[in-house]
Amino acid sequence: MNGVVEAVGVSKWYGEVLGLNAFTASFGKGITGLVGPNGAGKSTLFKLLIGQLHSDQGKITLLGENPWNNVPLKRRLGYCPEQNQLYGWLTGQQFVETLLRLDGMPAAESRKEATAALKVVGLSSAAHRPTRGYSRGMRQRAKLAQALAHHPEILILDEPLSGADPAGRVHILRTISEFAKDGGHVLMSTHVLYEIERVTNNIVLIHNGKAIASGNIHAIRALIDTHPHAVRIETSKPRQLAQALARMEHLVSFEFPAADTLLVRTRKPDAFYRELPQIVSDTKLDVRGLESPDDSLDAVFRYLVG
Amino acid sequence: MSITLPTYSRLEIPLLGRRQRVWAIIATGLRKELRRPAAIVVMALGAAFTTITSIAILFIATIIPSGQAPNLTFFSGPASNFFVLFFVSLMASVIGAGLIADDLQSMAFTLYLSRPITQLDYLLAKAAILAPLVAMVTILPLLLAALVAAFLGFFSWTIALEAMGISIVVGGLLTLFYTAITLFLSSLSRRKGIAGAGVFAVNFGLTIPAEVLTIVIGNRSILYLSPWDNYVAVATAAFGASSTGIDWAVALAILLGVTVLAALVTYVRMKAVEVITG
Amino acid sequence: MLVETAGLTKVFGEVRAVDDLTVKIPDGAIGLVGPNGAGKTTFLRLLLSLLRPTAGTAKVLGRDIEDGLAVRERIGYMPEHDCLIPDMTGVGLVSYMGRVSGLDRDTAMSRSHDVLQFVGVEEERYRKVAEYSTGMKQKVKLAQAMVHDPQLYIFDEPTTGLDPRGRSEMLDLVGTIAKSPGRNVILSSHLLPDVETICKYIVILDGGHQIAAGELSQLLSGATDRLRIDVRGDRDAFARLLKDAGFDADAGPSGLHVSRKPGLEAAVFETAKSLGAEVRYMGKEIRSLEELFLELVARTEKPGA
Amino acid sequence: MDWTGSFRKAWVVTGLTLRYLLTTRRAIATGLLALVPVILTLSLAAARVVTFDIVLFQQLMIPLFLQVVLIFVTLVNATALIREEIDDNTLPFLLTRPISKPALVAYKYIGYLVAVLVVLIPPIILAYGVTEAYGGLAFTADLDVLGGFLAATILGSAAYGALFLFISVLIRRPLAVGLLIGFVWESVVDSIPGDVPKLSVIHYLKTILKDVIAINPLGQYRTDVSAGVAAGILVAVSIALVVLAAFVFQQMEFRQKAG
């Protein structure tokens, strides 16, 4: 039990509605990405971790402690909720500053730290405007600033990228990476898979209140490697190539969807990719392009979730 | 599970005009209120209570010998029935307070605005939802009281019919006033509770002190402060009864003025409402 | 022309949300992109005639935006934020909105079932909107925009908050609409891959100005003819061997990028064979809209903006 | 226990609450209503009403100030403290800070008390001042009346606030229930015989006024407790209700609106 988050058989129900169902997982250091469809239980997990909900069953710990009504633990975490509401009548600066002072920081110091945090998230120019006029992307940054400003050990970010524009996404992801580089832990959920791939190798797939896969992205890639793949090869001689490839035992079918295309289905993608260069360079066949729609986090997600 | 896409289908007939669009809002709004338990309870209680008390007031007036033959002036009694004030406040806060506030809260206001109607259409439709429901405690009891009295032979049909006509005008005035005030309060905040509390505050915050003061110092011009007393002055004058001490014409001007002002401010405010999205 | 504006300006206090904007947008599937605060939402609201321009004029489908009713009769709008009436059923809400647009009761009901069927809201249509999931709400929002069969659809961030499956379903729906003859789409989104999937023509706004507009394929054609190769194995060694063979390969986070020269493909497989590496992807390096966008926005970035 | 830290947090939460209650639009509405007594006394003075004296002041302020303004202002403000943060989803920002939930309730309640007193006290003093000035009396002439009303305002704000705060923690639509209690129950309770009036706040407020003030329209008011006891009961009830609210809040779970 030395993970940042340890959950053993955690269940949470809202009346009859499922939140988490015997959720068991252990998250390590650095950045961990939580991926799952809407209603899978990501927000429920976060709320349990920040002590806003009480689990019905099982045991959950954050940084080794039980989070429910645990006041001292709050100093060590920063949370960025999914909702976009802020205190509209405060400016960004006042917002972060006030929350810092609630951490027990003296006024002068919290002003300095708030200014610094807003600078980190790139919100300095709007810091003195009331937050009610902020766009979604600016709200995301303000929420991130208040989560970061007191230098917590762990950041819990619920959909931190939703609503941010492309430049904002890049900025937020960079901020998160730097936080993790300085030794912080980050748990973040997102729907946009290719973006989580940019900042972390650790992901947890949640579905129906359970962790269905977790760990290094390469381990999940291994999952990809064992489920059937379709590979589209662009070549001037698709039939000759098909003949050459036919000696692979794990191939299921060949298709010729276009004059210069060969579509191969294989049961063992890793073996296929390992053997392919040998065959291509031995036969000197002209292969111009190679792609597989099944070789992505998106695809593995679809495969596991069905 | 994957979805299959049925084909995109075309609409072949032209759109109806603005009047039908506004009517759609009214009809849907009314139907919704008539299905809400809270609204039904308040309406039923309100209509029943005000009607019964109005009839009672009318009977008592005819039974007590006043040296007068039953005439139109007897109807000023039910018209100034204090229960009307109470229930009109209750109905305004239960039904009216959410009419605009809810749309602001759920941001459905944007949805209305993206339709081919104007802000004015929207407001008129909302007013048309509230007004008939308010009329159930402002006009209906007076009509029923006159009807019952005529059937029982206390009044001649001529007098009863005349009383009903006046009731519609006078009750209509009160209905308009409360509709405008309630919609104004409802447009101020996206929390309908505050609008509802506001109706109570306006009513009791003005009527109670005005009446207390009048009794204590005997200067009746203070009653101009109270919308309810203005209405009573207009109603008694309309039924030809002796004056309550304040000039009905001034009272009428105040009521109409406030109604128009509230409607105007609401309209200007709704035009300026901007839902922040980013 | 779908949209034509001349000197369109909208000022809120000191902020010039839309600033002297003159654009000509052709019919079809249009992508509207720009950073936060670029004036996209204001621009869309001006087109819907929900805001009165401070200066300038605009025509939508040939009609002046002064004539708000006529314009809105022809537009279906799907706002970004939640906007559904929570205590109505899905089918009730859609048919209600149809009637407010001017459909008669029966047509509104029939259309409402049709469009809910189209967007894939099945049995749930009889439940109250408050109980819907995010994806379902998004679909109802789309359905209410379709009910009066408008000529122009305006989608403001239709995929926000959706999970990958919801997102691809939504994009399929938007794509189907965009492909229907006589139906035009303006799609405003931060998710540039979405825009790339749907739109043929894009308009990029920043600071209330148009900073670029044109056919997507042309805007993106500036990319040189390069190959991207996704290698599983020793990527750096792979790049070194290719360089030794005379190709200017460099390793980036998304794989190797190599200028295309004759014999490259053969060399790639040769190298893979000698290193025992796997080639997972090999194909044209497409300059993505995101790269173009970041480049353009960086160029026009004003200090303190 | 880190006392300076707790004090600092109390200061911040109280300040935040004050700011919310006094700088948003609701402050305009409550402020306007609170000004009605002043406007009334000013117009009475301007109209040169003969009987305008300290007895009239009381006759006016009991139904108007105690039974309408006080209830409305405390209701609108006290129900905002927790319930509006829940509705607006802003509560997580406070709940992820190292401050316990009961402390949060207590500090917010203090902020509320300051805010409503800022809104309610000046008008009552002003109205009193206008009355005395009109009668040509010194400001100190009827200090017992002013004192009685100030005490009733402070204790009433505390008790109603605690009551409405407790309701707002318990149920989702606190304003509706609050309206019923405040405008219906509190106004009819006096006409119920027996000990029933003791179940209302207004009973104790009137008791205090009756006991403290020499010239008194409440002279005939039926009550069997003294001002001191009444004040004690109100304070005890306020504290009990705030503690209850804090306890319920401590055990509450917060789920966002579906989405």
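So that you can tell them apart, the chains are marked A, B, C and D in the order they are listed, and the count of residues begins at 1 in each.
The definition used in the following text is that contacts are C-beta pairs under 8 Å (C-beta built on N, C-alpha and C of every residue); 3 or more make two chains touch, one makes a residue touch a chain.
What you see is a predicted model, and the numbers here were worked out from it, not measured in a lab.
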item: Touching chain A and also chain B, the following chains; value: C, D
item: Longest centre-to-centre distance from chain A, chain (CA-based); value: B
item: Interchain centroid distance [CA atoms averaged], chain B/chain C, Å; value: 47
item: Chain A and chain C, separation of their C-alpha mean positions in angstrom; value: 23
item: Separation of chain C from chain D, taking each centre as the mean of its C-alpha atoms, in whole Å; value: 53
item: Residues of chain B engaged with two or more neighbouring chains; value: 277-278
item: Touching two or more other chains - residues of chain A; value: 135-138, 163
item: Residues within chain C bordering two or more other chains; value: 36-37, 80, 82, 133-134, 161
item: Chain B - residues contacting chain C, complex; value: 3, 5-6, 8-11, 13, 15-18, 20-21, 24-25, 28, 32, 102-103, 106-108, 110-118, 275, 277-278
item: Chain A partner contacts - residues on chain C that touch it in the complex; value: 34-38, 80, 133-135, 157, 160-167, 190-192, 232, 253, 265-266, 269-270, 272-273, 276-284, 290, 293-294, 297-298, 304-305
item: Interface residues, chain B side, partner chain D - complex; value: 93, 188-189, 191, 193-194, 196-198, 200-201, 204-206, 208-209, 212-213, 216-219, 221
item: Chain B-facing residues of chain D, complex; value: 25-26, 29, 33, 36, 40, 44, 47, 49-52, 56, 59-60, 63-64, 67-69, 72, 75-76, 79, 84, 87, 173-176, 178-179, 183
item: Of all residues in chain A, those that touch chain D in their complex; value: 14, 43, 47, 50-54, 69, 71-75, 77-79, 81-83, 85-87, 89-90, 98-99, 101-104, 106, 146
